[in-house]
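There are two complexes below, and they share chain A, which is joined by chain B in the first and by chain C in the second.
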Partner chain A sequence: MAQYALVLLVALSLNFAIPRLAPGTPIDYLVPSEQVATITPEQRERVLAQFGLEKPLLEQYWLYLAGIVQGDLGYSTQQGRPVVDMLLERLPWTLVLVGGAIALSLVIGAGAGFLSAARRGGQTEVGGLVFFMFLDSMPPFWIGMLLLVLFSGYLQILPVFGALPLTGAGGGFGLTFEVAQRLLLPLLTLTLVRAGWLFLVARSSLAGELSEDYIVMAEAKGLSRRRVVGHGVRNALLPLVTAVAVEAGTVVGGATVVETVFSYPGLGRLIYESVLSRDYPVLQGAFLLLAVGVIAANLLADLLYPVIDPRVRAEGAR
Partner chain B sequence: MSGTLLGRIGAATLILFVVAAVFAPVLAPYDPTLRTAQPFAAPSFAHLLGANDVGQDILSELIFASRLSLTVGIVTACLATVLGATVGVVSGYLRGPVDGVLMRGVDVILSLPFLPLMIVLAAFLGQNTTNLILVIGLLIWARPARLIRSQVLSVRESGHVQAARAMGATHGYVMIRHILPRITPLVAAQFVRTANVSIMLEASLAFLGLSDPFQKSWGAILFYANARSAFLADAWLWWVLPPGLCIAAVVVSFAFLGYALEERVDSRLRSILPASEPQKDNEAPTPVGGGTLR
Partner chain C sequence: MSTLLEVRGLSTVYHTSEGPVRAVDGVDLTVGRGEILGVVGESGSGKTTLVMSLMRLVKPPGRILKGSEMLLDGEDLFRLPRSAMPARRGRDLALIPQSAMHALNPVIPVDRQVAEAITAHGEARSKAALRTARDRLREVGISPERCHAYPHELSGGMRQRCVIAMAVANEPKLVIADEPVSGLDVVVQARILRLISELRESRGLSMILVSHDLTTVAKICDRIMVMYAGRIVEAGETRTVFEKPLHPYTRALVEAIPQVRGPRQTLRAIPGGPPDLNHLPPGCNFQPRCPAAFADCKVVDPSLEEAEPGKKVACLLYHEDERKLEA
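What follows is the complex of A and B.
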C-alpha cells in the first residue's frame, strides 16, 4: 500500500515540478499559447496573483495538493473550461476501449500462448512465436491506420471518425449500434497490439510451469496430456494477472496513439489535442488521471492475488 | 528454426538499415527537405514512392529518416543500459539499505504510465532530438536495472567473487572486475531490448507530433500522413505503408536478436551458476522480445 501512495505522490510532484522546471516561466504555460508573446507586464502580474505563483514554493505545493483533493485541476487555456470536466467527459470512452482491449487480448493472446507452450517445439510453435513477435513489433498507430484503409477506405463498411454519429441517430438501439460500430476498429487495433505481448507472456509462463516437478508427477500418474497441461495452466494464469496489471500503463500508452488515429474521443485523443494546441493544464490533468488509473490497476491486482492464489494467502497468514 | 537463425536474420536486417542510414546522401535520389515533385504525386519512375503533401520525395525521406530513428534508438539504449547496469550492479552487490532505496525508485518508475509522462515532458521541454533521447532514456532504464540486479544477486555468491572479497578487494574492484564480466551477456540482451523499446517510443512520440520539426523520423512521416488523412486516398500505399514497415522491420530485428541473445544467456548462465534462484510465482515472467510500447 505504501508503495502506491509513494507512486501517487511522485506523479503529483512531477506534475507540480514540470512547469516550474521547464524552460520559460510557469506563466508561459498558463495563458493561451498565441498570447504568450503579447502579454503585458500588468497582465503578467495578474496571472501570477491569480494562480498564487508569487507565494513561496512550499505554500504553492500545499495549495496545489489541496486543490487536487477538491477536484481542482485548473482551467483549459484554450476553452476556459475546468480541466476536471473535460477529463470526466472523455474518461468513459477510454475505460470502455481499454477494458475491452484487455479482456479480448487476454482471451486471444493467452489462449494462443498456452496452446503454443503446450505443443512446444512443433511447427505451429515457431510459426506462432514469429507471428506474435511481428505483431508485437508493429506500431499500434500504424496497425490502426492500415485497418482504417481496409475497413473504411476499401470495404467502406465502417465509419472513419469519432465515437458518436455526427448527425443525431436518435437514442436507444440505433445509437448503441452506431457507437459499437465506431468502437470496433480502435478496439480491434488495441487488442491486436496487446495480444502479441500476452501471447509471449502466457507462452513463457506455461512453458516454465510445464518443466516443474508436479507436472512430471502428473505424467507419472498416467494422466492424459490434456489434464497434465490443465494442471500447468492453472498456475500459469497467475503471473498473467500481474502482467496485465503491470502493463496497464502500456495499454494506456497504446490507447493514446490508437485514439489519435481514430479520432476517438477518449483521454488519449485529448492528450493529442492539447499537445497540438499547447493546452498545458489539460495535458497535465490527463496525465495525472491516467497515472491514478494505472496505480489503481496495480493495487487491484495486489488485492486480487490472494483471492486467486491460495499460496499467497498462506504466506500472508504466517 | 532456432534462435540462432532468428538472431542472424535480425542482425542482417539491422546491418542493412545501418548501411542505408550511413550512406543516406548517396542512396537517396533527392534532398528530402526540398520540393522536388508535385504535392501528393503518385509513384513514378522519377519518384518511386511518390511525394508528400509539400512535394518532398518520400523514398528520400524514408532513407534519411532511418538516421534519426536508429540514432535515437541506439543512443537512448546506451544511456538506459549504462544507467540500468550501474543501478543493477550497485543495488544487487551492496544489498541492504542502498538496494532498498534504489529498488523502491525502480518500482515507482515502473508504475508510471510511460507514454503519457513522456508526452508531458516532451511538450514542456520543447521539441528537439536531445530532449527526446533524454526523456525516453531516463524512464526506460528501470526494467533492465531490476533484471540485472537479480542476476547480480546470484553472481555475487559464486566462489571467485567470495574469494576476491576474502582477499580484501574493494567493492568497486569486485564490481568492475568480477561482477561486470559475468553479467555482460545479460547486459547485451538488455541493450537490444531497450533499443527496441526506444525506437517504438520515439515513433509514437513523433507520431503525436512531438519530434523535432526539422528532423524527420519514420514516426514523423506518419504524423504528417495521418494529419493529411493519407489513408483515405490511394496514397496510403506509398505514404503510410513504407514508414510503418521500416519501424516494424527494425523493431522485429531487434526482437529476434534479443531472443537469440537471451537464449545464449540462459544456457550460459545455467552452465556457470550452481543453481539459479527459482522465479517467484508472483513475479510476471519476462517474455522474449515482447513489450515494446513501454
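What follows is the complex of A and C.
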C-alpha cells in the first residue's frame, strides 16, 4: 500500500514538474499564441498572478497539492472553465469504453485463448492463433478505420461521428440507445485490439499449466477432460490478471487513439483537442487522471492476487 | 491367488526427430489380487512410460502400439474407447504419479481435491464426499485440522500422503505408484512405505510399485521385475532376486546396495549409462556394459525365459539353446 502512495506522489510531482521544466516561459503556454507578442508587462504580471506562478517553487508545489486535495486542477486556458468539470464530463464516457473493452476482450480473447490451449493442434486452433496474432500486431487506429469504413461508410448502419449531441428523445431507453450507438464501434475496436494480446497470454499460460504434474493427477483420478482443463484454467488466471493490470496504461493509450478516430466524447478525445489548442492545464489534469487510473488498476490487481492464489495470501500474511 | 492384471506384449513408442524409440518394448506382467509387484530400473529404463501406458495416459509423441493387451479382471482396457477411460481411472486403476509432491493443484485445499476424486465416481453430494475425503486423509495420517490446508502449507511427506489418500479414495482394484518415495528424506521414506504396507493390510490393496531403488522395492514387494532399456530382464520372487540375482545387471544392482552390516566394501556402481534408445547396440541391450559378456552377446538378443522355477531371465548365460542356435 505504501508503494502505491509513493507512486501516486511521484506521478503528482512529475505532473507538477514537467510543465515547469519545459522550455520557454509560462506565458507561451498560458496565453493564446497569437497574443504572446503583443502582451504588456502588466498583463503578464496579472496572468502569472492568476496562476500563482510568481510565488516561490516550493509554495507553488504546496498550493498545487492542496488544490488537488480540494479537487481544484485550475482552469482551461481555452474555455475558462474549471478543468475538473471538463474532466468529469468526459470521464464516464471513457470509463464505459475502457471498462467495457477490458471486460469484453477478456471474455473473447481469454476465452478463445483457453479454448485454443485446451485443444492444441486442432484445425480451429491454428486459424484462431493466426487471427488473434494478426489482431495483436495491428495498430488500433487501423482497426478503427477499417470498422469505420465497413459499418458507417459501406453498410451505413451506425453514425460516423460519436460526437453527435445526445437528443434525449424517447426517455431513458432512447438515451441508452443513443449512447450505445456511439459506443459500439469504439468499443468493438478497442476490444479487438486488446483481445489479440489476451488471447496470446491466456493460451500460453494455460498451455503451460496443462503440462504440470497436477494435471496428470487430475486425469488419473478420473476427472472428465472439461474438469481437468478447469484445474489448469484456475491456475492460468493469475498471469491473466497481471496482464490486464500491466496493460492498463496501454488500454488507455489505445482508448485515446480510438476516441479520436471515432470522435468519441471521452478523455482521449479531450486530450487530443487540448493538444491541438495547447490547453496545458487541461492536458495536465487529464494526464493526472490517467495516471491515477493506471495506478488504481494495478492496486486492484494486487488486491485480486490473494483471492486467486493462496500462495500469495500466505506471503502477504507473513 | 487369482490374477487381477495381465499385461501382454505392451510396447510404447515415442516418435522423436530421430525416428521412433521403443521406451517400453514387449513387456509382459501379471499382478495377483492383493499382491505388490515391484519394477526396478535405472532412470531412463522406461518405468514411467510403462506406468503411464497402464493408465492409458501416454501423451504424444508417445503411443501405445497395437497388439498390446492389458486385461484387468479379464477385460482388455486397451480396447475400450478413449472416452470410457475417465470412468475407469481412479476406480479400476489409480495412480500415485512420479514427483507426487507436485501432483496437487496449488490453489485448491487438499480435502477438496480428494473429495473431487470421490464425486468424479458417483458420489453426487459434495458434503458427503468432503466427509469421506477427510476420513481418507485421517487414514493416511493427516490430522483433521490440516485437511483444509493448501498444498504449499504442507510438507513434502504430507503432500505425498494426500496423493496416496486421493489414489485409494475410491477403493481401486489396482494402485500404480511411480517412485512414491524418491525425493523424500530417509525417515519420511520409511514412513510412507510403512503407510503403503498398512493400507495393503487393511484394504487388501493390489499394487505395482516402481522405483529406481532396489532396496525400496525389496522392502514391501512380493515379486520384483528388473527393467532395462524398455524390457524386463529378470523377474522373480523378491527373496530370490535379492539373494540369487541371475542377470549381470541385477547382480550389479544388488552389489551396488551399500551394506550397513558386515565388512566395509567399496561401493560398486555399474559402469556406463543406460543405452541411447535411438542407437541400441547389436545383440543384447546390456552387452556393452556387461562384465560377463561373451562373443554371442553381440549377436543374439536374448528373450525372457524361465531359468529356474518361478524365475525368468533374459540372458544368454542361462539360455543354452539360444546360444547353440547361433553356432
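Throughout what follows, the second predicted complex is superposed on the first by the 300 of 318 C-alpha atoms of A that agree within 3 Å, B and C clash if a C-alpha of one lies under 4 Å from a C-alpha of the other, contacts with A are read in each partner's own complex, and residues count from 1 in each chain.
Criterion: contacts are C-beta pairs under 8 Å (C-beta built on N, C-alpha and C of every residue); 3 or more make two chains touch, one makes a residue touch a chain.
The model shown is predicted, which means the values in this text are computed figures rather than measured ones.
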Compare chain B and chain C by how many residues of chain A each one touches, and report the one with more. B
In the superposed arrangement, does A:Tyr214 touch chain B (first), chain C (second), both or neither? second
Contacts for A:Leu63 in the overlay, against chain B (first) and chain C (second): which applies, first, second, both or neither? neither
Can A:Asp309 be said to touch chain B (first), chain C (second), both, or neither? both
Check the residue A:Asn235 against both partner chains and state whether it touches chain B (first), chain C (second), both, or neither. both
Scan A:Val193 for contacts with chain B and chain C and give back first, second, both or neither. first
Just chain B (first), just chain C (second), both, or neither: which does A:Arg227 touch? second
Which parts of chain A are in contact with chain B and also with chain C? 235, 309, 311
Show which residues of chain B lie in contact with chain A when the two form their complex. 1, 6, 104, 107-108, 110-117, 119-121, 123-126, 196, 200, 203-204, 207-210, 219, 222, 225-226, 231-232, 236, 240-241, 243-244, 247-248, 251-252, 255-256, 259, 279, 281-294
Within their complex, state which residues of chain A touch chain C. 212-214, 216-225, 227, 231, 234-235, 308-311, 314
Of all residues in chain A, those that touch chain B in their complex: 3-4, 6-7, 10-11, 14-15, 18-19, 22-23, 29, 126, 129-130, 133-134, 136-142, 145-146, 148-149, 152-153, 160, 193, 196-197, 200-201, 203-205, 208, 235, 238-240, 242-243, 246-250, 252-254, 256-257, 260-261, 271-272, 275-276, 278, 280, 283-284, 286-287, 290-291, 293-295, 298, 305, 309, 311-312
What part of chain C is in contact with chain A in the complex they form? 55, 57, 86-91, 94-95, 97-100, 102-108, 116-117, 120-121, 150, 152-153, 163, 166-167, 169-170
